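In what comes next, subunit A is part of two complexes: it sits with subunit B in the first one and with subunit C in the second one.
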Partner chain A sequence: MNEDKRVPCSGCSLLCDDIIVIEKDKSNYDIIGACLKGIQKFEQRNSKNRILSPYIRQNNELVKVEWDEAIKKTIKLIKGSLNPILYGFSTTSCETQLKAIKLAQKINGFIDSNSTICQGKVLNSAKKKGITTITLTEIINKSDVIILWGFNAVESIPRLLSKVLFSRGKFRLTGREIKTLIIIDTYKNASFKVLGTKDLALIVEPDKDIDLIKILKKICKNNIKLPNEGTAGIDKEDIKRFITYLLNSENIVIFIGQGLLKIQKDGNPLEKLLDLIDIINNKNKNGRISTVMMGGHYNMAGFEHIALSYIGKNQNIQFQNRKLIQTKMNIISKIKERDFDLSIIVGTDAISHFPSEISKILTSRPIILIDNRKSGTYFVADIVLPTAITGIESEGLAFRFDHVPIKLKKIMNPPNDIPNDEELLDKIISKLDKNNVNSD
Partner chain B sequence: MEMLLNIVRMIDYDQAFEFTESEIESIGEKLAISFINSKDFKEMYLVPSLNLHLSNKYGDIIVKFKQNENLPKGIILMPVSIWSNQLTYTINGDIIYKNIKIQVEGTRDQITKFDDIIKNLKI
Partner chain C sequence: MIIPPKNFMELYKFLPQTNCKKCGKPSCMAFALELLKGTVKIEECTPLIEESKYKTGYNKLKELLEGEEGIKKELKINIDNEKCDACGICIIACPVNARYCYSILSGKTPDYPPDKHQLFLIKQGKCELLNLEHCRRLATEGRERECRICETYCPREAIKIEYN
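This part shows the complex of A and B:
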């Protein structure tokens, strides 16, 4: 085991770097400081759903096979494919993400990450207008108002509020007392239990966030009067208080969750929110509003950085003749229109995350799954290739939710000499190269 | 009864499965579950021993339910899972996870088994 016992946790995108690991014996250790989600991540190493051998589907049953046979079959499937898709990568290292993009380029595939159906939507909305971002350290040191919009921090990123709300920062020495929490959601989620007397709970009617944003825009821009009946199910007095905070605070941070990603009747609430932030930031000379995109998987932000720096595009990457070509399709429309003949899924459970209409089409073509645990996708895959758990059994780089890179550490060796994701993709690429040389 | 389904992250349910839960029999215990308001519970004449049949034009499932006082009337919650995704759909390449119109009714039928969902997918 590595002597340095303080390790980052890859349980979620907060990547807490204050976890203490104390070794009990060769395969067991005590974890100190991790949340429930983090502890489960560390326990995954010895969990029953761990995949420890490669499998191939034969007569509709997954049969355990040797690595050579599994790789041979994988190469055969890839070489026989004219239109492969690669998907996942939000729970893999940046090194793996880069290798996967190179593989997609080699096999003229389409590659996309989980971010495309999650926090990547915020980045797409920001392409026209721009976005003011902020780091975790800045939030701790400077923020006086924290807004959770469509985001249940307590159950998604469990230690987030202990770091940003209950902490004392350089310019916020009194800690929680000086910080205001505002939560906007369609129901009282678990995070509402954290609210204090001076905080604000705004229960918005379903799909009416955009109405609230529009009225805020009008008030901030043109100083119009608030309607007496309130807006979007929110009381007039609460909206008044909300506006007071928005216009008079020094450093506001808005955490954007899945609840705000859905297109609503009158448009895209994200675009309207970014407009509102722009108006307020221009008007408020004493402070600013920043946004943070909240994705749950520990390296969702990583794929955006790696893809953008390597190929110049962050999502929906289609290669043809080993060159990037423009496409309007994303992973969902690719599958829905049956524009693929093989899928390579890495480190995600697509079958459980996609609607059944999409999953049915996905399972109609061969699936190669690279993952370390059994999931819905495992039970429909044609080839299963197990890998080491990044952040426990292999090291690698990951981008925290605030787009700050954190180095994940290797604590222990993987069981059965399982390769890590990067090594496995490397092996597949080198076998494809070798086969090409032989066929020449 | 028509309700709005919201699919959300729940640390004691979907998040637990994400990393460590494994046995097929126990997956349903954690994930084939929904949460409704007590007023809806009374209005639908439900009793705790019943299950809920949730359906829309995209699919249908039978899941357990629990009452949650914090939910507004007409809203039903489910953790992210293969069960809840039987009712989700797509519009212009976007997956809709929030405020999905569904029909909800009590049933004595057993919860939809994981195996049956998988078999239905892999036709």
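This part shows the complex of A and C:
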């Protein structure tokens, strides 16, 4: 433990690889450098919220059962299903995601990850024009303007600003003084307290980001004059300062948050934003603008990579006769039209994330939950299978928000010999194979 | 006992501001700087004592430099761990930490056990103050003594610099 004590944290998509873990005695550890989110992940091991054994719903009540019985029931449910959906996977390792896609192929299911209602939308918008990305190390060493667009860094990813804004990179040795922070949001969020005197805060009217992007595009293209009354609730002078930063800085990074993902009245703001970045990057010879897709779950980017490399499609993957078929359905429409008879949810709290009408339909069919904590989905699931916490009790690969793979480490053993996600899915796949041979 | 540092402009306000050079310094501002460092005494500025119109200024300076009835105040950095979310901005932003812990430059957690100069430490999701004696407000001179970086940059307003 002493030699290799720096471990990656699987609390959020930043995957801080500098957490120091020191063993005090048998099950007590000192954790140094982790934020509250990371600490919560470590404390999950011994919390009341932890699921430690399999459960099955009998007479509308969850009953503790043995592993064999739970697996048997799971196999029975999967074999009886003709159109299952698999959802989640953004808080599991890449190895598990690959196994899950193989399972979906075997049982002719529909598989999708949390990314489809999150940062996958940015990738979809980028399919036409492409996207300029940047890695965390490059941001630390070279960035001079940081833009948080619809993204509350202080509350969602606590350590991001300390790494990105306050660090003194190789070419930005004065640190905070040389870096400019621009926050664009609809309200004064917690990140506004970090702003200094030369920084810029733009409070946009709700659903009017697209107007701001459009006016910026026009100015960059044709040098038109700004309207005196301002745009989208922002002052003329502020827009002028913003455009000066955009056109004259060396390395601008835009953090795209959840606030920009929604389709607005006049179209998709993401497409317009990527257009604007394209125009400025062609015009500006001294510098460039890059984007970063900010997701919350630690391995959201992983599913995109694994699915693209294994099957050639990153979202809405539907199998029929063990082959990929084209479909226009996504996870929401699939549930809304009741086009499923079983749902397998891995490592996420789908019931709480979806709108309530969608959640209600989801609960009307059997749910198999594979997770380590008692979330909202736990209380409506028909079968609950516990797993080890990836990044603490089992190892695996995960992709950071800037699409850089990081190897998570195993620090301690799981309680009750709980298998990890990968082993559990492996077990289910091998049991399904066995049953097929027997029935033949 | 630790003397609280002061802004030299605050001292300059109460000086005659005539630049008469009777104290031997080139200007009143230079005299104020020397006053802050403690290398000269207030009495060396003779117009302050001799002319009656500067009497209030003289009294004020005396109060500022020597404290009320000779009681000296002690520096305290209070950390409210209810508000703190262990983001580590204080560790990264603190200039003293940056000078002695190399990994801070790239935004990483400093080594453990901590360097003797390190001021802050994040442990179990809580911010701890290690040793105050290396803080800029005590260990340096001049403008650097007015450092309030940890207090101003804390997004949760959990750090408060106080004297009591």
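The rule is short, and it goes like this: the second predicted complex is superposed on the first by the 437 of 440 C-alpha atoms of A that agree within 3 Å, B and C clash if a C-alpha of one lies under 4 Å from a C-alpha of the other, contacts with A are read in each partner's own complex, and residues count from 1 in each chain.
The criterion applied here is as follows: a contact is a pair of C-beta atoms (placed from the backbone, for glycine too) under 8 Å apart; a residue touches a chain by one contact, two chains touch by 3 or more.
Not measured: the values here are computed from a predicted model.
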Requested in this report: Please work out whether A:Ser359 is in contact with subunit B alone, subunit C alone, both, or neither, and reply first, second, both or neither.
Outcome: first
Requested in this report: Once the structures are superposed on A, label A:Ile131 by its partner contacts, choosing first (subunit B), second (subunit C), both or neither.
Outcome: neither
Report task. Examine A:Leu226 and indicate which partner it touches, taking first as subunit B and second as subunit C; both and neither are also allowed. Result -> neither
Report summary line: The answer to whether subunit B or subunit C touches more of subunit A is B
Requested in this report: Look at A:Pro158 in the shared chain and tell me whether it touches subunit B only, subunit C only, both, or neither; answer first, second, both or neither.
Outcome: both
Report task. Applying the touch criterion given at the start, work out whether A:Leu36 contacts subunit B, subunit C, both or neither, answering first, second, both or neither. Result -> both
Query - Touched partner set for A:Ile429, first subunit B, second subunit C, both or neither - result: neither
Report task. Considering only touches as defined above, state whether A:Ile243 meets subunit B (first), subunit C (second), both or neither. Result -> neither
Query - Interface residues of subunit A shared between complexes with subunit B and subunit C - result: 36, 40, 154, 158, 190
Query raised in the report: What residues of subunit A sit close enough to touch subunit B in their complex?
Result: 11, 36-37, 40-41, 43-44, 47-49, 60, 117, 121, 152, 154-156, 158, 186-190, 192, 203, 206-207, 258-259, 262-263, 296, 329-330, 332-333, 336, 349, 351-360, 363, 373-374, 376, 379-380
Report summary line: Listed in rising order, the residues of subunit B that touch subunit A in the complex are 4, 6, 8-11, 15-16, 18-23, 58-59, 70-72, 75, 77, 80-82, 85-86, 88-99, 114, 117-118, 120-123
Report summary line: The answer for subunit A against subunit C in the complex is residues 16, 18-20, 22, 30-36, 38-40, 137, 140-141, 154, 158-159, 161-164, 166-169, 175-176, 190-191, 193-194
Query raised in the report: Which residues of subunit C touch subunit A in their complex?
Result: 85-89, 91-93, 98, 103-109, 111-112, 121-125, 153, 155-157
